[in-house]
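There are two complexes below, and they share chain A, which is joined by chain B in the first and by chain C in the second.
Moving on, here comes the complex of A and B:
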C-alpha cells in the first residue's frame, strides 16, 4: 500500500484515531508493544481504511462500508455460554477480556500478559502491505488466549474458544502452538448475545501446527445483525501435518474473514471447508491466501454459499505455488446458491503457479435451486417452502458432514438450521 | 377415479405440443397399462398428471375423483393421493433418504389432518417396507438416490409408494433396469397394494411386467393420443406384431 498522506479521513477513521488516542493510556503493552502499536496506527492514519482500489479489498471497500467506530464499552451482560459440544474445555473472552480458563492437557495464559511483558511484540506487525485487519487488531488488541498443546498430546475433548460480546468494541488475539504429533479439535466461536447495538470486533488467530499433528479447527461466526466482524486466521502448517479448517459464517452485518495459510512443511494436507449464510443486508467476504511453499503438499478447499434477500457475498481465493513446490496438489471450488434476484455473489479464484509439476484447479458455480430436485420433493407431497429449505440445507450439509465428527456436525447443523429458519 | 378429457399440453414457453387430444378413464380398483413407441408422450403424460410445471395444459381437463386438479401444484396432488414412480428417479445429494421419507410421510399426513408419525413408528414402518422389497436398510441412510444402482432406484420408488399409500399410482417403466428376481419382488410389492379403492397406471414397453401385474385395460399411446384400447390380450398382440398395424389402422 502506498502511504500517501490522507488528510480527508472519514468520520469512522477520525473516530478510530481518536479511540486510539484515548485508549492508549490503558492498552496493555511494554515499550516494544506500544511502539509496534504506534506504527500500525500510523499506517492506518496515513493510508486510511482500504478502498476498492486496493486489489484484495476490491469487493469490500472498508472505507465506505465502515460508517461508524463504536465506543469501546458494550453492554456488561455477557456471560459464558454452554459449549457447542458437551464436555469441551471452554476458554471464554467476555467483551474482549479473557476470563478464567479450564485447561485439560494443555497450557493456557492470557494474551494481555504477553502484551505486558513484551513477548507479543514480535508478531504484532502486519502480515502484509494490505493487512488492514492485522493493523486494526494490532493497534487495539487487549486480550485473548495463548495456547500451547504439548507434543503428542491427544485431547479427548474439544477446546472451545468463546468470544462473546454485546455491542462496543472487542479486539482479541489467539496465538496457538500445536506440538508435533498432537491431536486436537479447536472451536473458535464468535458470538453476540444482543443484536441491537452495533459492535466492532476484530480477531486474529495465529496458529502453528507442528510436524505430524492432526488438527480440526472450526471457526463459527454468529455476530449480531448490526455488527462488523474483521477476522483473520493465520496458519503455519508443518511437515506431514493434517489440518481440517472449517469456517461457518452465520451472522454479522459487515464481515471479512481472512484465511492466510502457509503449507511450510512437506507432506502437509489441508482440508478447508466454508459455509457462508448470507441474507438481509449482510456483506460477507471470505478471502483466502494459501501458499504451497514446499514440495509434496496438498489442499482441497470447498466453499458453499447461500445468499438471500439483498445479501452480498464475496469469495477471493488465491493459491500460490512456489517455484520449488513440486507435486503440489491443490483444488479449490466455490459454489453459490443465489436465492433472490437482488442477492449478489462475487467469486474470484486465482492460481499463481511457479512450479511446473503440479495438479491445481479451481471452479466456481452460481445457481438457483435445481427445479428437478424441487419437483421430485413436491411430487412426494412436500410443500414448496419446506422442499426449498431442505434443498438449501442439503447444499451446505454436504460439506459439514465431511467433518466426520458427529457431535460437531450436529452442533453446526443446528446453527445452520436455526439461521435458515430465520432467514429463508 | 381418473378422467382425462381431450387433453392438449405443450412444453411450457414453447409451441411444442406433446399431448394432442388425449382421452382416458381409469376406475378405482383398475390396473390400466399404457404402451406405445418411444417418444409418444407416455412420460410426459405421467409428469402432467403429477403436476410438473415444465408442461402447460392448453385445453381439456384432468379430473381426479370428480374434481379438476389442473390448478393444484405437485405437492397438493401428492397429498390427495397421486403418486408417480419415476422412469428416471432424481439423485439429490445432501438429503438423507430417511429424512426425506419422514418429511414426505408427515407432510402428507399433515395435509390430510392426521397426526405425525412418532420416530419409532416411522422407523419400524420403513424397516418393514424395505424388508418386503429386499432393500438394504443401510442404503436408506445414504443421500436420496445418490449412487443407487438403476434397480435400487426403482425399488426405492416402490418403497416410497408403499409408505405413502397413494390412491392413484402411476408407474413409468418401473420394470426397466430390474433384474428378473427384482421384477418379481417389485411386482409382488405392487400387487400387494392392489385394492378396490386404488388405481394403477402402468407404463411399460414389455408384456413381461404385465404377466406379473395383470392389467384390466391396455391403452396404446401414439403421438399424444390414445389410439387403441383393449383388454390384457392387446399387450400380447403388440408383443407379437409391434405397433405398425395399430398405427396404420389409426391413420386410416
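Moving on, here comes the complex of A and C:
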C-alpha cells in the first residue's frame, strides 16, 4: 500500500510542486517544520498523487481527478458568517488565515504560531503510508487554531470553527485537546462564499479526547460547486470517553473526507453518523479507519447516502480490532439511496479482526426508494414528487435526530432541506 | 462471544497435523526439464500432440506473461516464487493420456483406492453407492483415466480430458477456450494458458440433463512440480450438469504451486453446478511446505435465465487465492456462491467471489463462512457490481467469520459497486447468528441450551452444506457440526 514511485507527473502534480517552491519562502515554520514539510513534499513528488492502484484510493483516483492546482489567492474577500447555532463561540479562518477568536472557558491560539515556534513539527508527519491528505496539508498548511479545553470544563455554548474561502487555496489544521471530564460541542464548518472559482481546500483536525470527556463534534462541509475538499479528522479516544462524531457533506465537486479514529482507552464509546448528499457531477468519498486498540470499547457507525444526477459516492469503512481488544462491540452500517441511473455508489465496509471474543458486524445496502413506501403515500393523495422528497428527507433526518441537541438538529436539517430543494 | 468447546474440538479434528492424504506414490515419471521457456512449452504441446494453433496460443500467452507483474493486493505473504525452479510437466511413465482401466498402472490404481476414489465402473455399479459418478483422474500433469465415457456419449455428453478434447473436438475448444477467462486476465491465469497440462472438458448439448454427476480428482504427487490444470465446461441451451472437484497432495517440506483456470459457459436456460472440496496439503504446524493454490475460476451466464452455482469447502493449501465468479450477462440469469473456508496452522486464505451483473433482472446470492484457528489468516474478499444497464439487479450477501484463539485473524473485504438505480444490494456480516428469539423458542420447548445452540447452528451451516452433492457430503460432514456461535462479522 505504499505510494508507488512514479516519475511522470501530471499537470496538477507539477503545479503542486511549483506552488510549493514559490510558497515555501513565506510558509510559516522553524527549521524542524520546514524539514518536515520538505519530507512530505518529497513523498508527494516521488509517489505522485494516489491512483486507484493504491487500495485505500481505489474509488477516488486523485491523480486523474485533480486536474489543476489553483493559485493561492481567492477571488473575493471573505468575512465571518453568523454561527449555525446562536450564541456559539466563533473561531474563524478566512482564506486559510486564522482571524480573531472569541473564547469562553477554554484557551485558543493561532496554529501559525505553533508552526513558527516548531511545536507543531512532531505532528506534521503523515499518519500512514497512504496518507496523501496529511502530506498535502502538512506541506502547505499556514494556519488554523490550537484549542485546549480544560479538564472538567462544561461549555454551555458550542464552539464553531468556521473555515471560509472564496476560491484559491486554503490549508488549515486544528489540533484540539479536550481535558479529562470536559463536556463540549464543536462544530467544524467548511464553507465557500464564491461559487464558480475552483478552490482547493485541505484541512486536518487532530483531536485528543481525555479520560471521561463527553464530546459532540460535527463536521459540516458546504464547499462550492467547483471546489476540491480534502478533509481529515484524526481522533485519539481516551478511557471512558464518549464521542459523538457527525459528518454532513453537502457541497464540493471532489470531496474526500477521511475519519481516522483510534479507540485507545478502555470503556470508550464512539457514536459516528454521516449524511452524504451527492448530486450534479459531484464525487464524494468518505473513508473511515476505526481502530479498536484496547479491550472493552464500543462503536456504532451509521452512514446515509443519497445520490442524484451523475453523482458518484464512495464509502470505505474499515474496522480494525487489535489482538488485545477483547469485548469490542462494533457495528457499522451504510445505506444508500441511488436515485438516478447515471449515478453510482461504491461501498467497501471492511473488517480486520484479531481478537476472538468480540461482537462486530457491518451491513451495506444500495437501492432506490421502496415502492411500497411510495405507494403508501400516493394512496393517501400525496403527489409522487412530494412523496419521494418526503421519503428522502426522512431517510437522512433519522440519523441527524440522533444528535439530541435541538438547535443543532434544526440547523443541520435546514442545511439538508436547502440542499435537497436545490438538487432533488 | 467466544467459540464453544464443541466447535474447537471439531476444528481440531481437521487440523493440519491430521492430514490424511500426505502419502507419496512411488512411480516412475517422465519429466520435462526444470524451468520455463518457449522450448518447455513446445515440449508440453508436443507431448500432448497438439495442433499448431494451440501451441501458438500458448506461446502468445507466455510472451505476454513475461511482461506481467505478480499481483500483491491479496492479504497473503509468501517468499517470491522462482518460476524457473519448477517442473512444468511430470507424468507417470508411459502415460500420455487416459487409457482403459485395465491398462492403468496398478500403483496408480492403488493410489486412488487409498484416496477413496472409485475408478472401476463395475465396482461402482456393484457397490453401495446409489448414484453413479463419472470420474476424470488427473495425476500430476496428465489425465490417467476417465470413467463412464461410453455411457455419457450415448446421452450426447462429452466428458474427457482437455488434452483429448483439443485433439478430438478442436472446433468446440477453439470456440470456448479463453472466452471466459481471457489469456490476458491475470498473472497466474496467463501462466496457466502457457503451460496448462491437463484438466477436464465437459460439453452438454442442447436440452440434455447430464445423467450422472461428473467429477475430476486432482492429485499432485511429484516433487517440485507445479500443477496447471485447465477445465472447461459448456452447457448448451436448457442443459444441466453437476460437476465435482477434489484435490489432495503428499506431505512435503517445499511449497508447490497449483495455478488452475476453470471456465464455465451456460447458454439460455442452462444450469451448471460446480462443487469443490479442496484439500491440498496445507503445510506442517510450523508453516513449512504446502500448496500455493492460485486459481482463477469464472462462470459466464451467457444465455437468458441461465444459472451458475459455485459451492466450495476449503480446508487445505498453505495459501489460497481464489475467487470463483459469475458474469451475469444473460437477462434473468442467476449466480450463487456458497463457501466454507477453514484455516488452521499457518494457512492463509484470501478467497471470495465476484458477481458482475450486466443483464437485466439478474440475481445473485453469496453465503460465506470463514473459520480461522491456529496462526492462520482468513480473508473474505468479494465484489458485487451492477452495470449501468443491469436493471433490477438483485444481490444478497452474507459472510460470517469465526475466530478460535487469539493468534489468528479474520477479515472481510467486500466491494459493492452500484451503477443502476433499480438495483438492490444487501450486504450483511452479522455477529450472533443465534438470535435471542430463536434460542428462547427452543428453550421454551424444553430443549437444553447446548442442544438448542447446536440445532440452530446446524440449520444455519446447512445453507452451504446442502448445496453440495450427496457424494461430497461425507467429506464435508466433519464441517457440518462446526458451530458458528461467537462468530464475528
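To be clear about the criterion, the second predicted complex is superposed on the first by the 418 of 424 C-alpha atoms of A that agree within 3 Å, B and C clash if a C-alpha of one lies under 4 Å from a C-alpha of the other, contacts with A are read in each partner's own complex, and residues count from 1 in each chain.
Assume a residue touches a chain if its C-beta (ideal position, glycine included) is under 8 Å from a C-beta of that chain, and two chains touch if they have at least 3 such contacts.
Note that the structure is predicted; figures quoted are calculated from it, not measured.
Per the definitions stated earlier, placing chain B and chain C onto a shared chain A by superposition produces no clash, and the two fit side by side. Contacts of A:350 after superposition: chain C is touched, whereas chain B is not reached. Of the two partner chains placed by the overlay, neither chain B nor chain C lies in contact with A:22.
With both structures placed on the common chain, the touch criterion links A:358 to chain C but leaves chain B unconnected.
Which of chain B and chain C touches more residues of chain A is settled by the count: it is C. Of the two partner chains, neither chain B nor chain C is touched by A:35. Judged by the touch definition given at the top, the superposed model places A:14 against neither chain B nor chain C. When the shared chain is aligned, chain C comes close enough to touch A:340, but chain B does not. When both complexes are overlaid on chain A, the residue A:395 reaches chain B alone and has no touch with chain C. Figure legend note: chain B and chain C, brought together by superposition on chain A, show a least Cα distance of 13 Å.
Residues of chain A that touch chain B in their complex: 371-373, 375-384, 386-387, 390-391, 393-398.
On chain B, the positions that touch chain A within their shared complex are 50-54, 73-75, 78-79, 83-84, 86, 89-90, 92-95, 99-100, 103-104, 107-108, 111, 143, 160, 164.
Those residues of chain C lying in contact with chain A across their complex are 1-3, 73, 388, 401, 403-432, 486, 488-489.
For chain A in complex with chain C, the touching residues are 55, 321, 323, 326, 336, 338-368.
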